[in-house]
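I'd like to ask you about the structure that follows.
Letters A, B, C and D mark the chains in the order given here, with residues in each chain numbered from 1 onward.
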Amino acid sequence: MRLRLSEDDAAFREEMREFFTTQVPSEIRESFAQGREHSKDDIVAAQRILNAAGIAVPAWPAEWGGRDWSPLRRHIWLEEMRFANVPPPLSFNASMIGPVIAAFGSQELKERFLPATANLDIWWSQGFSEPDAGSDLASLRTTAVRDGDEYVVNGQKTWTTLGQHGDWIFTLVRTDPQAPKRQMGISLLLVDMTSPGVTVRPIELIDGSFEVNEVWFDQVRVPVENLVGEEGQGWTYAKFLLGNERVGVAPVASIKRALADAKRIAATGGPGGSSLLDDPLVAARIAELENRLLALELTALRVVANSDEGKPHPASSVLKLNGTETQQAVTELLVDLAGPAALALGDGDGAQGLPHWAAHASPRYLNMRKASIYGGSNEIQRTIIAGTILGL
Amino acid sequence: MDFELDSEQTALREAVRDLLNDAYASTEARRAVQADDPGFGEKTWLQLAEMGVLGLPFAEDVGGMEAGPVEVGLVAEELGRVIAPEPFVEAVVLAGGLVDAVGTADQRTALLGGLSDGSTLLGFAHTEPGSRWSPSAESVRAERRGDGWALTGVKTPVVAGARADVLVVSARTDAGTELFLVTGEDADRASFRTTDGGRAATVTFEGTAARVLGEAGVDRTDAIAQAVARAQIAACREAVGAMERALWLTVDYLKTRKQFGVTLSTFQALKFRAADMYVQLELARSTALWATLLLDAGGDALDAASRASVQVAEAARHIGQEAVQLHGGIAMTAEYSAGHYLARLLVLTHALGDRTHHLSRLASNLEGHRWVDPLAYGSATA
Amino acid sequence: MRLRLSEDDAAFREEMREFFTTQVPSEIRESFAQGREHSKDDIVAAQRILNAAGIAVPAWPAEWGGRDWSPLRRHIWLEEMRFANVPPPLSFNASMIGPVIAAFGSQELKERFLPATANLDIWWSQGFSEPDAGSDLASLRTTAVRDGDEYVVNGQKTWTTLGQHGDWIFTLVRTDPQAPKRQMGISLLLVDMTSPGVTVRPIELIDGSFEVNEVWFDQVRVPVENLVGEEGQGWTYAKFLLGNERVGVAPVASIKRALADAKRIAATGGPGGSSLLDDPLVAARIAELENRLLALELTALRVVANSDEGKPHPASSVLKLNGTETQQAVTELLVDLAGPAALALGDGDGAQGLPHWAAHASPRYLNMRKASIYGGSNEIQRTIIAGTILGL
Amino acid sequence: MDFELDSEQTALREAVRDLLNDAYASTEARRAVQADDPGFGEKTWLQLAEMGVLGLPFAEDVGGMEAGPVEVGLVAEELGRVIAPEPFVEAVVLAGGLVDAVGTADQRTALLGGLSDGSTLLGFAHTEPGSRWSPSAESVRAERRGDGWALTGVKTPVVAGARADVLVVSARTDAGTELFLVTGEDADRASFRTTDGGRAATVTFEGTAARVLGEAGVDRTDAIAQAVARAQIAACREAVGAMERALWLTVDYLKTRKQFGVTLSTFQALKFRAADMYVQLELARSTALWATLLLDAGGDALDAASRASVQVAEAARHIGQEAVQLHGGIAMTAEYSAGHYLARLLVLTHALGDRTHHLSRLASNLEGHRWVDPLAYGSATA
């Protein structure tokens, strides 16, 4: 047992820190540090810088740009990136469809898509959830009917995050409605979003933002060569796609920075610039959150340190569950620190006189309620923990 | 001891409920109203005026209905139920309440009459940048100018501030904190959207002409604290209405939404969480109702407001968050109502003091009583 | 709507307060105020004083000693009693078997048992739970087989509170094992605990106390006239017995006194007699508890004020659930106020130098964990709320 | 960074586990041991001594094993697993640790040798009536008497104080708080049962003869704080062992216990609560493990102890209470083990500072760091 990083890992951490803080333009990082979301352009620019340096898709197979790093190094890489306010590689590309194509796609698909995916020349969207299938993915209804060398796709997807920017969408479709089990008969198709019949409608969220979309497929014709792997194996690929990452499940560095910001803000955020930390209830709450976050980070480190490659680690559910709760708790703290300014929904228009952080406290709080719903709700995570770990 | 409405009160509740159900029959209807300035329904506002709701707490001779906290509370609860965006609490209970408490006879007649009939919207410009629910003014100052006064400084957020015809403004003078009247259009007002879809304004005074409210030279800190407390209790009732509806919205969703081939209501963990929401709702309701009745009985409004706020704020966060979580993704969308309940509850429990603020007030006064006796007359503590 | 009590009710409250604080010997009340449990003798003495004054069993029918009070008055009666540290009438007698015999028993049973029950000449015990049937009462296995004019009872009961003092026990037994539903075929029998074949074994609890017992029936012969009501209707009577009280579900006055004691203790409980209330975290916690308790009390008042006689009020479950949680939270507070003295398990032997309250903090805390388990666990209460009130 | 035990450490863990599993194979066995004074197993204590466990942290030349916090921690975790009543943390880590840190060479040889071979039980008499985990002595005073010292005052609770052969006693002198050695039988000791079934004593000194530990005239407040922090971290590991076992006990019960015709494990609400227990356990385990490793790396013991304690105390209350609740009535009985886990966890999280105590310490030092970096070497904060 040993606490400190090995010399090599410590050097790796320094190298990453150096890279992210010097090679990624400060405009990109500053904007996020100020509390704005990363723009599409920022995300693309950052990913291309990383890709040029060969560190955009380290988890991929080496021949397609992967680095064969240990889980600990991938953790360090990601956490340093988040800590430096660098937008991480688009997860739909780097963590989702890339690894699936690399693992299950034909050589032709790999050559066609992987380099462009790593470089974010293609912005991928995810077409999994449907209006009547939230956590219950296997009940999806979008169909793809084979017609000569094409599939004809009909149906509706929803919760397609950043789909408004999407060039292509990887989509779960039902190719065999007669399959004996619902999970069978599902296939994974790659669809060009400029195809006739594809419609994207951004959905306004409760904080006024537009992050997710509905996507309709109306007689969309997709060449059969855009099928990933085998027909009917889509469920297997989807599980691989959703379950193969245990690194970065909880955005510890992002939460840490947000909490440090909150503390800094609190130190002068009282009336007349006084310190809210002088209020013992506020101080205790921040101390509590720092400690929760420490526990979370340590648990994430234990998971990556003891990682058994290839197998989804059930503790990922602990990280997802507690990570989202901690993240949400920090947004709640900021709402309370904002005081009456929490009434503002951002600092547009007449709210410009309010401190930026205070005016954004409520919309962030509202927005972050999604964290415990998206990507496997916390109820799903509890089910996994009870089932996989506790055997209940 | 009696928790039932009498027949007049019941009739008032039904009338308000019908009016609001018509106005906000759907999430879409509410969003449409909030899409444009002033962020609430001018027509609905006038209908409420016609019904006498905007003059509820005022004397008949100034155009009011001479009703009490019970009537005010039930109206607030109805507004909360459909999360109606009309600024009843801010304009009537708070700004109107201050005019009623402090204003001269002429001011009361002029302003409360206009408020009651819907022709004059009042706003209360009190919060200053960085202030945290203090009853006194700090950075906005008033100076004598000729016969009148001139105000300098910034107030924000001022709910419905850009729409208000007359602003009641707190400002520092040699006497402490005094209250002033400013014609809305005389002030520099920059409007912005609030978390709940409404509007607030940053109001900047640069030597803006003002009249003093009531007699000059009297510190109004206590009057402000009292009016805020009364408004806070009404806001608690509004929150109770919103929480009740958020709970039943969630229950209905659990009963109808299917996942994994069955309705969500078959999942015990979700049922239990709905049960916990109900417990929180009832505890909050009891406390908010009690605070209303304590006002009615002439009890300590500040203590009652803090006690109701602590309980309601806890319940509001719990119920608002759980309503969203138990719904899942759909509640994150602006097209569905659950998220709007969460947002509105946030505003209702932050505008006039958050949970920590009120809890600290209670915690600093522990030694003044052995225990809390809710039936004690006048004071809640023994 | 009106907050204050009516003049009549206010006078009633005064009358009760006067009675309890003057007519019940102060030794009985003081002992409890000092944190000791009521002894058997105290309970018997107090109930007889109340019975002599005609206020031991107000909820019973008037002809058997009842008072036809409104639920609000019964609430006031009970709360004033608790507030004065008077042991309330034994619930097994006053709230359980008495009302059942009065409602369903034959005239002969009534005459034989009700006066003695009201006066606590008979100490009743409850024989419902069984080792393999906790919350699932209907699965009970104790049998009663008719043999001439007697039933022969065999089986085991458990969690029989204060059964070590019991003279008689009212027992649910299975008289018809062939009944089509489990709930049918259950009967309610009254058993003399001195009968041959009855064995009582007190169970030590985790705080070292002896409150509950196991009771064995080995070929116990019970005259058929000891059957309450009809054979096979035991389940109905049990539901009546468990569900007919909405007054006093949450022991508000007891919690209030305990919390007031905690506050008084805290005010001088710090090192060198300093006030722990100067610690803002302690003060906030007490303020929070006072407020929770206020909310609970008000909810109890709403339930009794709007009470619809005869029908079990579903809000009783709210009171039970929140009441036990609040009660437990006060015991937790005391443990934390006790500091290192929380290591003591009572103030016997060498712990006599510790403050009485501090030495008893931990055993009370441990003991009070029962509150959310016994008498319908909080899981059962949530099930009732979800089902009965929310329709889930 | 490495969270794995090496082979020697693994062997130690297995050996301790086997020994303790034999000694405390059943709840009945543990109760039988605790029924009689001294409330722990003398035989088990000697077996631990033979295994070298009682000398783990001490130098070889005083009879120890020269092992570090990792070994100490894993032994504590094993003790916690079966909630063994042996006072390893109090006698070895705390009292022994103080002798090791402060004692003269002769004192170290004599006392730590005897402690390690099981012949001398040490106790730490520090807590005074009403004191709340202060590292200094207040009411117990030491005065010079001839060549030695005389102590006056009361210490309570002193864990295993009536059984201890030698007491390490803190007392006020002109230098501040110094440490003294008192032969157990020289003091007036009144033993009582502790919440977890063990024994503590009220120890009264009335001019009792004492020797100073280490050099005279040196304030030992810091040394006490350091030793308590190290003991607290070991106690956290003990609590982690206990929580782990309490969780699995509960899981096994849910899997086997039937109600309403099915096993409890079919009830989703109960499953989810077991999942939440697991989350708390793992968070607490991570923090306690980290604190151990930080000690090993020479980091700030006080900060690490408070961070571990805050997390462990929260988890301990949650897991202990839920273990009892999910079991139901059976867990209230002394014959079943779940309630004993709750009781033991209470003691482990109160003896050396409760959650509020440690949280307040962290809260008062917020401004010393921007964030907590667990991998920082030496200090946890940057």
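Going forward, a residue touches a chain if its C-beta (ideal position, glycine included) is under 8 Å from a C-beta of that chain, and two chains touch if they have at least 3 such contacts.
Here the structure is a predicted model, which is why all the values come from computation and not from measurement.
Asker: In terms of CA centroid distance, which chain is the most far removed from chain B?
Answerer: D
Asker: More C-beta contacts across A-C or across B-C?
Answerer: Pair with the higher count of C-beta contacts: B-C.
Asker: CA centre of chain A versus CA centre of chain C: separation in Å?
Answerer: Centre-to-centre distance between chain A and chain C: 53 Å.
Asker: So what's the Cα centroid distance for chain A and chain D, whole Å?
Answerer: Taking the average C-alpha coordinate of chain A and of chain D, the gap between them is 42 Å.
Asker: Of all residues in chain C, which are in touch with two or more distinct other chains?
Answerer: In chain C, residues 279-281, 284, 379, 382 touch at least two other chains, as defined above.
Asker: When you check chain B against every other chain, which residues touch at least two of them?
Answerer: Counting only residues that touch two or more other chains, chain B contributes 267, 269, 271-272, 359-360.
Asker: Which of the residues in chain A end up touching chain B in this complex?
Answerer: Spelled out, the residues of chain A in touch with chain B are 129, 132-136, 139, 158-159, 203-206, 208, 212, 269-273, 279, 281-282, 332, 335-336, 339-346, 348-355, 362-363, 365-366, 369-370, 372-374, 377-379, 382.
Asker: So in the complex, which bits of chain C are touching chain B?
Answerer: It comes out as residues 1-6, 9, 72, 256-257, 259-260, 263-264, 267, 277, 280, 283-284, 286-288, 290-299, 301-302, 305-306, 315, 318, 321-322, 379, 381-383, 385-386, 389-392.
Asker: Please name which positions on chain A make contact with chain C in the complex.
Answerer: Touching chain C from chain A are residues 279-281, 284.
Asker: Of all residues in chain B, which touch chain C in the complex?
Answerer: By the definition above, chain B touches chain C via 1-6, 9, 70, 251, 254-255, 265, 271-272, 274-276, 278-279, 282-284, 286-287, 289-290, 292-294, 296-297, 299, 307, 310-311, 359-360, 362-364, 366-367, 370-372, 374-375, 377, 380.
Asker: For chain B, which residues count as touching chain D in their complex?
Answerer: The contact residues of chain B facing chain D are 267-269, 271-272.
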